[in-house]
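One structure, pasted below without further comment.
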Amino acid sequence: MRGYKKPTVSIIGASGYSGAELSGMIARHPSVKLENLYAYSQAGNKVSDIYPALNLDMTYRAYEGVPESDICFLALPHGEALKLVPELLDNGKMVIDLSGDFRLKNPAEHLTYYKQEKPADAWMTYAMPELFHDEISQAKAASNPGCYATSIILGLAPVCRPPMSCGTVTSVSCSALSGLSGAGRSAKTELSFSEMNNNIRAYKVGMHQHTPEILQALGTSATSPSFGFAFTPMIAPLTRGIYTVLNISLEKQLPVSEIKEHYRQFYRSAPFVRICSNPPEVLHVAHTNFCDIHVTQSAQDGSLIVITAIDNLVKGAAGQAVQNMNIMLGYDETLGIM
Amino acid sequence: MRGYKKPTVSIIGASGYSGAELSGMIARHPSVKLENLYAYSQAGNKVSDIYPALNLDMTYRAYEGVPESDICFLALPHGEALKLVPELLDNGKMVIDLSGDFRLKNPAEHLTYYKQEKPADAWMTYAMPELFHDEISQAKAASNPGCYATSIILGLAPVCRPPMSCGTVTSVSCSALSGLSGAGRSAKTELSFSEMNNNIRAYKVGMHQHTPEILQALGTSATSPSFGFAFTPMIAPLTRGIYTVLNISLEKQLPVSEIKEHYRQFYRSAPFVRICSNPPEVLHVAHTNFCDIHVTQSAQDGSLIVITAIDNLVKGAAGQAVQNMNIMLGYDETLGIM
Amino acid sequence: MRGYKKPTVSIIGASGYSGAELSGMIARHPSVKLENLYAYSQAGNKVSDIYPALNLDMTYRAYEGVPESDICFLALPHGEALKLVPELLDNGKMVIDLSGDFRLKNPAEHLTYYKQEKPADAWMTYAMPELFHDEISQAKAASNPGCYATSIILGLAPVCRPPMSCGTVTSVSCSALSGLSGAGRSAKTELSFSEMNNNIRAYKVGMHQHTPEILQALGTSATSPSFGFAFTPMIAPLTRGIYTVLNISLEKQLPVSEIKEHYRQFYRSAPFVRICSNPPEVLHVAHTNFCDIHVTQSAQDGSLIVITAIDNLVKGAAGQAVQNMNIMLGYDETLGIM
Amino acid sequence: MRGYKKPTVSIIGASGYSGAELSGMIARHPSVKLENLYAYSQAGNKVSDIYPALNLDMTYRAYEGVPESDICFLALPHGEALKLVPELLDNGKMVIDLSGDFRLKNPAEHLTYYKQEKPADAWMTYAMPELFHDEISQAKAASNPGCYATSIILGLAPVCRPPMSCGTVTSVSCSALSGLSGAGRSAKTELSFSEMNNNIRAYKVGMHQHTPEILQALGTSATSPSFGFAFTPMIAPLTRGIYTVLNISLEKQLPVSEIKEHYRQFYRSAPFVRICSNPPEVLHVAHTNFCDIHVTQSAQDGSLIVITAIDNLVKGAAGQAVQNMNIMLGYDETLGIM
């Protein structure tokens, strides 16, 4: 490909766990070039001092306005991307934001769940490749799904979104466990090794901020949900991974074999979704971009039990972001990821 | 208490994790005397070689017929207690069995879930102190509840058993995570450190053998349940603990504050149940006989979310067994446990 | 014991990990009464909110001058006890300090290793019961040994202190791993679960502050050591425990069986030291006050290899402190500990 | 490179942890082609059922004689490669053996440490690239170093092998901790999660089978060592990683800065050795082929303390094996590894 110049990439907020995972993936990507890593508290420090395993000979830079790179990933705390994205878009950058800032269409829901006001138009393509591939392929700006949201939406989409061949969902009960890296690289007593080793702790029970995102992606809303929904997030003593159990009540009761087959069909073109005959395991997806899904039912009441597993830093963050970049650039979806 | 002789205790199956926990608790108990520890593969070995932390100067003995002790605990693999218990009872022993052999009244359910035939009368008082204190106090033989079952029944009893002041339960979705000690002290690749560190794995989804026990204790049955029930057990990278999330649909919707108050009233005489204002944590109950319960609801559909935590080896096995012994002997329920 | 009033106990600095362990041990102790728990940042909070597993119905109080209790334990950050102890002693309190403030006789060494000035007389009985039982039994004030120091001194004393039946030690190489609770209950990124899960990290290599304490207790000094000494401390992904490997060169080479026998004799009256025929394990001493010691030698050079294991919060802190209190009060050394 | 056909690779013993790591690395390698995976107990099973994270669509085959592939890796239990390698070499295969079978030149030492007889000529190039690059580049058969041996030899070579600019080593005390994957994918009670979580355990103290390999590579021997050597291996609650502390006594005492500089010079051409200014961490090398080395000294006796960290499955097994293959094939040493 003589004469072809690889698109350049900057990562803004590169020193957190998602940013670091993304840095590694972009650095190894065959068809883009990692140009700059921006960080706040780590500005001026060498990447090799914070993340020696990445083996990157770069220094975190302080962010001082629109970078020269063609593509900007943002992996910032919630609220920060809202400030930076407009200027990036005005300057013609391709933008992929990993925060929650641009996921919700409804500012009222954003206010309720994120406790922040945001403009009505602060919304970008919700970039879940398995559901919105075509929109993503035409987008210049994409909002990367949340980690819990990814594991839950992928488990529910085949029964909640068209074609509705499984009948109407009446309620969903969802329990999900996240590894500690999902809480970020931060100094908090409750996230210390001594407090989390051998421990499990639920939090934000029934009111996690990924809830409206999940319902919106499934074609309904947290404001006026078309089915019952209860979500219990937990942290578990893992570094990486999200493990999700979905118990789904359907209006009509189909043989589970038909539902399994429907899941297989639904994801037949999705390179990173695997329908598994056994319950998934976190170790089976760790350090990969796969979402493993197992479909079965309760022997007592015939309700559907769908279990999913992802790596929260890969499919739940950096991996999905690269997958989205590939789609937006017209590359093969799996480039630099498999 | 001049002239009083402490009742003596033998533990049959003392070298597994539950048996070891029980050995320590009985050895420290102020009002019974640990007499003999029986084991199979470990017979002839010193306790101090297998469990140095117990600091017990005893040797595991091969079981050779009814022991002299007044009280016999059995902590054997399923199926073994069925063979030994009749003779123990014929010889007037007080018996507390920690296996599943005598929990189910319905032999058909036992066959379905344990894959073993058992006689129709192979049933003993189901010894959950918080629900059946009076029956236990008059029993000579007691069947100690399962570990998952304990964490689930205690979370559901206030809404499933009389007084039914919260209205009828229509469905229960249950996800529960167990520490690895629940799988016993065994040599299996899938339980090795390398396979379970950083991992979570569901198993026996929707068909775990504790299911009929749970429904029976709640006044209904697995054969003909009065409400929907779906149970997903998982193993998580902990040594000890069971963490259970119950999502409960009720026919009528009460304010959650009323339901919390009902839980408090329901357990007002239960020394080992704590109704907590925050979600429980495994570390809060580890090495204790407490069951911590948190009651809240989903902001989306108002369904009830009840989260419980126990130590599977204590409240889920040895601790509850000692609690039962105390009740059967007319002692204070908490003796040697607090 | 009609008419006997149990001595009362206050713990100053009760909300850290050592303080919490101590709180539980004192609350369960049969012959003293826990009166007050003092804390700084947690003052005003209920113990049951921070450490539910302790099941203590008490509230942390702000420290406002000499408590009424007969006995005061101090479990404060280094430097704080120096300020409080003089007043406590002036008021006739029995004092046991768990910090490093009063361990070193030589203020110059204290300055070098703790970076703090201290008065020349700021020294209290070095309270390692296995070595200084008689002094402790007559002391009103005692300095509780450090956690690493305990594991190392107990492993070295039989060859470094009289009777010198094994000949002169020429050098000691020491590697020791501590669980994370040794670093305290603090909010630091480098102690977070994500940073320490699956990790090992050496720190303060060759210059840890327990070094002078170790050499002093062994009858020599860091300033002018009579044998070579190199100490590499590490943190490992455990909550509790210290595991220490000591490689000892002796001037003359005795059969290892003789040395083992010497260790057994040396500790024949020590109820909490166990000479083990196999290498110890952290799990064998966790939640106990035991120090397990294994003595063997290298097949290549015949040098002595001594491995020790303790629970850093028990034998390395709270348990040893209670053992010291028992000795100071003339109680059985093991009261409330076994 | 028109017309160029990639060399083909078979892995014999591909279903263990090292074999699986190697399978993934070879499958991703740009310049060789993974042809066949041979296994014993797993023969007939799909790779995706045992190691879903590898995402390899292959089936383990039973070994039935010399494979067609150009290159054969053997990752078999000790003793098995001895039977297969002669035939492979007779058939002109390039062989890289990951077992201990061909590491020792001295059959007597092999017998002592491996408890197996072996022929006097059962020795292949000891393939540690940082020390024996030239020999490896001309070899058709290579013996891949042991995991502990790699971490120890790399830490000692600069002071034990020419140029001896640091003076003569008089003794080495070595403590090393290995993750559990080093014990293989096996069903043993003592390797179960419940037994190893929160635990550390020394084993084979002073007589581990990597000892003669280490001394041989350093130019001396276990039979007649030129310096004192004591090695204490331990297992720690990690899946991956070896963390090694070397305490080295040198005849003359150089400034540590000179020694550090000597280490830097010694490894100036080694792409996978990093001399670090801070103590290494297992997480810094996990999933990489790096050996991180930190050089410092004891403040008490001036002895050298060298700390190294590797990933036992990568630099300690599969990664080093691929590095060796690259060298043997004349490829860039880092191909497919960085």
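Per-chain residue numbering starts at 1, and chain names A, B, C and D are given in the order in which the chains are listed.
Keep in mind that, in the parts below, contacts are C-beta pairs under 8 Å (C-beta built on N, C-alpha and C of every residue); 3 or more make two chains touch, one makes a residue touch a chain.
Small disclaimer: the values here were computed from a predicted structure and weren't measured.
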Looking at Cα centroids only, farthest away from subunit D lies chain B
Between B-C and A-B, flag the pair that has more C-beta pairs in contact.
-> A-B
Chain centre separation in whole Å, for subunit C relative to subunit B (CA means) | 37
Distance from the mean Cα position of subunit D to that of subunit B, given in whole angstrom = 47
Which integer distance in Å separates the CA centroid of subunit A from that of subunit B?
-> 38
If you look at subunit B, which of its residues touch at least two other chains?
-> 179, 195, 197-198, 237-239, 281, 283, 286
In the complex, subunit B residues that touch subunit C = 52-53, 55, 197-198, 274, 276, 281, 283-288, 290, 292, 338
Subunit A contacts subunit B in the complex at 171, 173, 175, 177, 179, 195, 198-203, 205-207, 211, 215, 222, 225, 228-232, 234, 236-241, 243, 245, 247, 249, 279-283, 286, 294, 296-301, 303, 305, 307, 309
Which residues of subunit A touch subunit C in their complex?
-> 17, 179-181, 183, 185-189, 191-198, 237-239
